[in-house]
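Take a look at these structures.
Two complexes follow with subunit A in common, the first pairing it with subunit B and the second with subunit C.
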Partner chain A sequence: MKTNQKKAWFFLAPTIIFVTLFSIYPILRAFGMSFQSGSLIDLRWTGFSNYQYIFKDPEFWLAIKNTVLYAIISVPVGLAISIMLAWIIFDKVKHKSFFETTFFMPYVTSTIAIGIVFRYIFNGDYGMLNFVLRCLHLHAPDWIDDPAMSLTTIIIFGIWSSLAFNIVILMGALRNIDPNFYTIADMFGASGRDKFWRITMPELVPTITFLLTMNVIGAFKIYTSVYALFNGQAGVGNSGTTAVFYIYNKFQIVGTPGVAMAATVVLFLIILFATFLQRKMMKKIGEY
Partner chain B sequence: MDNNKFVEVKNLRKVYDNGHEAIKNVSFSVKKGDLVCLLGPSGCGKTTILNILAGLLNPTEGDILFNGKSVVKVAPKDRHIGYVFQNYALYPHMTVLQNVMFPLIVGANKKSKAEAKKIATKYMELTQITELADQKPGNLSGGQQQRVAIARALVQEPQILLMDEPLSNLDARLRLKIREEIRSLVKSVGITTLFVTHDQEEALSIGDKIILFNDGVIQQDDLGQNFYLEPNNYFVANFVGNPVIDNFKITKTANELKSSQFTINLADLEQSRFKREIPDGEYILSVRPENIVPDPEGLFETKVDDIELIGRERILKFTFDNQQVRSLINLETPIKRGDQIKLKMRFNRVFLFTPEGERVY
Partner chain C sequence: MKFSKKLAAAFAIGLTLVGTAACSNGGSNSNSSSSSSSEKIAKVKKTTNIVFWHGMTGVQQATLKKLTQDFESKNPKIKVKLENQGAYNDLQAKINSTLQSPNNLPTITQAYPDWLFNAANKNMLVDLKPYINSKEVGWGSSEASNIKSALLDGAKINGKQYGIPFNKSIEVLTYNADLLKKYGIKKAPATMDELKKDSQIIYKKSNHKVVGAGFDSLSNYYTLGMKNEGVDFSSKIDFAGDTSKKVINFYADGIKDGYFRVAGSEHYLSGPFANQKVAMYIGTSAGEGFVKQGVGNKFTYDVAPRPGKYTMSQGTDIYMFKHASADQKSAAFTYIKFLTSKASQLTWANATGYVPVNQAAADSAEYKDTKKLKLPAKLEDAMANLYSVPIIKDAGAAYGSLNPIMQNILAAAQKKQNVNDAIKAGKTKFDAAWKQ
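Let's look at the complex of A and B:
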C-alpha cells in the first residue's frame, strides 16, 4: 500500500507540477497582487487600495454592467436559438452531416477573422445588415460607430458565434435519445409539441446544464469579439468595454497590475457566483 | 364480428428497400382474448410482422384486419394497440407514475391530470408497481421496468397488445417468473396479445397457440403440443424440442428402411401414419431422444460417448454417421460412460422427412 502510494505520486507528478505552475500559482499570485501597487518590478503591499480604486472607477462599473448584461442576454437567447436550430436540423433536415459541418465552421474559424467580416456586415453605410433593413423599410442604426449601439452589436455577434459549439453538442445529445421514445409516443398519439416538451427537452437538461455553464463562463470572459468588432478598441469612447477589456487595459496599457488583479478577483467571484446560481437552478428543473 | 378472427393477416408480404424479402405471403388469424406467440430464429420475420401490425412498417402486399376492419391505412395511434419494446423504452426522466400516465395526458384525447392518475393507478395496481410510483426507471430492476412498460401499454385500454421479445433483457430465473405473470395479467385483462420470441420454451409455456416462422414463411400455426408431437416439416421438428431431435440418414427400398447401422422393416411402421405413398430413395428418419431408448432387444448397438445430467433425466450421447445422437433416459438407469448398449426406437413416434424437409410419416 505504502509503495503504491509513492508510485502514485510519481505518476501524478507531471500533472501536479503543471497544474500548480500554470493554474494554482497564477491564481494565488493574482490574488496577492490585487493587494499590491506599483509597476511589475516594484510591487508594494497597499492593502485594499486597489479595490477602493476600482469600486470608485465609473469605467469599472460600466465594464461590469456591460459584461453582466452581455452574459444574461446573449447566453439564454443564444442557447434558445441553438436548441431551436438543432431540433430543426435533427427533426426535419436531410443531409444532417452537411449542415452540422456548416454550422460548426464558425467554431474553428478565428474570432478575429469573423469579427472583421462582421465589421463589414454591421457597417452603417454599406453594410449588408443595414441594406436588408432598409429594403424592409426598417430603422438602420449605426451598429459600429454609435456608442449607444455598441453593446447590442456585441450581443448579436456573441449570440451568432455561440451557435456553432452549442448546436454540435446539442445534435450529439439529440442523437443519443432512444428513437423508440418517439415511436412509442407516436403510438400513444402524442403531438409534436408533446414530444418536444415532454421528451426532448427533459432529455436535453443535462446537456443544457453543461452548455449553460460553459456559455456563462465564456460570456464573462468576453474580449476577443469586442477587440475584433471595434478594431482593437472597446467601442466608440469605450462604450463597449468589458471586464476583461478593463483588466487588460489596466495591466498592459495603464501599467497598474494591482488594479487589474483586483478587477480579476472581482470577476472571478462574479463567475463563481453565477455558475453556482445556475447549477442550483438547473438542479431544480430536474436531473435523473 | 368473428371472434375467431379478431386479428386477421391475409397474404402479407414485405420487401425491404434493400430488396430483402422479409415476409413471403403470410396468412394467419388470432382469436379474441388469445395469447399467441410468434416464434422463430432471428431474422425469420417475426418482428417485421409485429411492426407491420403496429403500423411502424407498411406491408408491400396483403391486408391486416383488426376486428373485421382493414387497418393497413390506419395510423398507429388509431389502431388501438399497446406495444412493449424489447428494451421497454421507458422515459428515464419521468417517474413510474409519470411514465404510466404519459399516454393519457398527450395528444388529441388527453384526459385531466386527476382522471389520468386514477386510470394509471388502476393499472399500476394490476401490474403490482404501485409502491414504485415515485421511482425513476433507472432505479428499477429489469422485471420492474417490464411491468411499468406493460402498465404503460395498457392504460389507453387497447384491444391488442404487441410485445417484442419482452423477456430477453431479463435473467433466466426472472424470465420464468415474469412470463407467468405476463400470461396471468393479459388473461385477467382479457386483451388479445401477440408475443414475439425466439425461445421455444417460452412460447410453449405461455402461448395459447404458436405460429412458427422461418425465412418469412409460416412453418406451423398450431397448439404448442402439436409442434412436438406432429411437426409439419423437418425445420419444425428440429427447431422445437430440447434436447433436439435425432436425425438418421436412411435409404428406402421396397420393404425396408436402411441406415448404415440398422434396418427397419416397413411392416413394423404404423401404416396409417404415412402421409402419402413414397417412392424408394433417400429420406431422413427423425426421432425425439425420449423415443430412442436402451433395450436388450435393440435395433442397433453403440457406445455411450458422454452422459449429461439435466435434473430428472440424463442425456446419453452417441456418435452415428459422424453425428451426435442423443437418448433421454431416467436418472436411475444404470448406464455409464463407455458402456456398449443397444437402442430401440418407438416406431409410432418417429418421423420421416424427404431431403427437402417434407414430412411423409
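Let's look at the complex of A and C:
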C-alpha cells in the first residue's frame, strides 16, 4: 500500500492552515450560523426557522429569480459575443495587440467606476444611450429608474463587462491551436465556416468549459455592478436585488445574520448544482 | 489516505472549537468590563488618542474637521482621529460587523439609537449619565448642558442615556422663490392640500416643464402621512387599509398627473431642484448646505416648515463604547462636550443646515439672524411638532422597507398603471419586515 510521505505534510502545512482558516472554517461557520437567530453578538440556536423565513420571504425569491435569470441570460450571450469578437480579432483584424489591449481595459478598471459611467450612459433623461435611441426614432426606456428595466440594464452591463476577461482567455486559446490544422484544411478546400465549426470550436471546448464555469459562478455572485449602477441600492424599489444583495442586507443592515447565512447556504447549493450540471453537459459536448 | 482524512477532520473540529472559544471569550470580556463600571472620571492629564467614526461628507465633513482642529488646539493632550465610514448604511454595517470584536471598535461613533439596540442589551455601551453629571469632565447636570431635553431623551436606549445628540435635522420644504412668484403663488404651501394645488399650478403654467414638488425620503413621506392621519408607526399598520391607501394615492395621483415626482436612483431632489426641474421638494434640513452650493446665483431659494402638522426628527447621536480606557472615555466626553457647546453648534448649524442641539445656540441672535442659511429664521415654526420612528424591535427594518415599497408603487403610478397590485405586494413585504 502506498502511503503519503510524512514530510509532505510539513510543506503543505501553510496552505492547509490558510485554506482551513479562511475557506473551510467560514463555510462551516456560515452553515452553523444559518441555524442561529439574533444579532451577531447574541446568537441563539433556533433550528430551521431561518430557512422557513427565507422560503416565505418574497424578497428572497425575487433575489433568486433575478440571479438565476441573470446567470442564464448574461453568461451564454456574453460568451457567444466574446467568441465572435475573439475570432474576428484573431482572424480578420490587423494590429491585434491594440484591440486586445482595448478589450482588456475594462477588466483592469474598477467595476464601481465603470458602473458610475454607465449610470450616466443609461440615464433616462440625459443619457447617451437614450440620445442615440431617440436619434434613431426608437423607444427610449428609463433604464435606471423604471423597476421593470432594472434586470435588463444589469444584464446588458454584465455582458459588456464579461467580454474583457473572456476575450483575452479565448485569444490565448486561439493562438494555441496548431496552425497546421488550418493549412491542411485549406489544402482540402475547406470554407471559412467549416474551419470555424470543425477546427476552431472543438479546439476551444476546454477553454469554453473553463470560462462557462467561471462566468456562471461569477454571475451567481453578482453584487458590485448592481451597487454601482443604481447608486448603492438594488435598483428602484429593490427591483434589481440579487442573492448577494439580499445576504448583505440581511447581515449588515437588518442585523439578522442567521437569515443571511441561511440564504448563503441556499445560494451555495444552487451554485454547486449549476456547476455540476454544467460540467456534465460540457463533458457530453466534449465527447461528441 | 485515511490518515489525511483524520487529520483534516481533526483540523476542522479544532478550528471550530477555537472559533467558538474566541466568540465566548469576546462575550465574557464585555461582561467583565461592564462590572467595573465605577471608573474614575477625571480630566485627561496624559496624551490620549481617541477614534471617532462618522458618516459625514462634503460641507459636513469639512466643518467637522475644522471643529476637531479647534478642539485639538484647545486640548493639546487629546488627539481625535476622524474616520469616515461612508454613508449611514455603510457606517451601520461597519458597526454591526465590528461589534463582535469589541477591541476594534472606535472610542465613539455617530449612530442612530436603533443600530445599537443589541449593543446596549449586551452592555457594550457607556452610560453617559455619570459623565454628564461630572463637574470635571461634564456639565454637572443635564440641564446645565443646554442640550434640548427632547433630543437627549431621543438618545436613550432602554431608558439609559447612552448617546448625546450631535447632528440633528428635520424635514423641511425647500422651494424656488423666484418660480413661485412667477406663477403667482404668494406664499409657500403650509398644508398638503396647498402643496398639491400649488404643484398643479406650477406644472400647468410651466407647460409641463417644471414639476411641482417631490419628497426625498419615501419612508418619511409614508410615516408622516400616516402620523398626520393620526396613525403611529407600528406593526399594527394595515398597509392596504383605507388610511394607508389615502396617503399613498395622494402621492401616486400627483405622479400620474405629472405635478409630483420622485428622486429615483439619484436619492435626492436637490440636483433637479438646482437645475429648476422641480420647484419645491421636501427633504432634510441638513441638505441646505448642498442646495446652497448647487443653486449658487441661479435663483433665490427659501425654506419653509414641512407642509402638514408633523415633521421628522432625524440625524444621529454620538455613542461611546465600553472597551476604551478611562482616559479615552474622559477625553471622548470632553470632545463630545466641545461639539455640543454653543459655539461649536453655531458653527456646525450655520455651515450645514443641521439643527443646533444646543438651546442657547438655537436661541442666539447669531443663529436666528444668520444670512448664511435660510433655515434658522424658520426653525421654531418648523420644529413645532416633531416625530421620530419608535425604537422598538424591527421598527428600523420596517421603516427601511418602506422606501423600496413606495418606489415600486410610485413607479407603477408613473406608468399610469393601477397601484393596487403594488400596494398589495407592498403589504406582504411591510408585514414581513416586522417579523425579522
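Side notes on the structure shown:
Throughout what follows, the second predicted complex is superposed on the first by the 280 of 288 C-alpha atoms of A that agree within 3 Å, B and C clash if a C-alpha of one lies under 4 Å from a C-alpha of the other, contacts with A are read in each partner's own complex, and residues count from 1 in each chain.
The rule is short, and it goes like this: a residue touches a chain if its C-beta (ideal position, glycine included) is under 8 Å from a C-beta of that chain, and two chains touch if they have at least 3 such contacts.
What you see is a predicted model, and the numbers here were worked out from it, not measured in a lab.
When the shared chain is aligned, subunit B comes close enough to touch A:Thr183, but subunit C does not.
Shared-chain residue A:Asp194: touches subunit B; no touch with subunit C. With both structures placed on the common chain, the touch criterion links A:Pro202 to subunit B but leaves subunit C unconnected.
Residue contacts after overlaying the shared chain place A:Val254 against subunit C, while subunit B stays out of touching range.
Put simply, more of the residues of subunit A are touched by C, taking subunit B and subunit C as the two choices. In the complex of the two chains, the subunit C residues touching subunit A come out as 1, 3-4, 7, 11-12, 15-16, 19, 26-27, 87, 89, 92-93, 96-97, 99-100, 118-119, 121-122, 124, 264-267, 397, 400, 404-408, 411, 414-415, 425, 428-429, 432, 435-436.
The part of subunit A that touches subunit B in the complex is made up of residues 178, 180-181, 183-191, 194, 198-199, 202-203, 205, 286, 288.
Subunit A meets subunit C in the complex at residues 3-4, 9, 16, 20-21, 24-25, 28-29, 32, 38-42, 53, 56-59, 119, 144-148, 230-239, 248, 251-256, 259.
By the touch rule above, subunit B contacts subunit A in their complex via residues 54-56, 76-78, 81, 83, 85, 87, 89, 91-94, 102-103, 106-109, 136, 138, 156.
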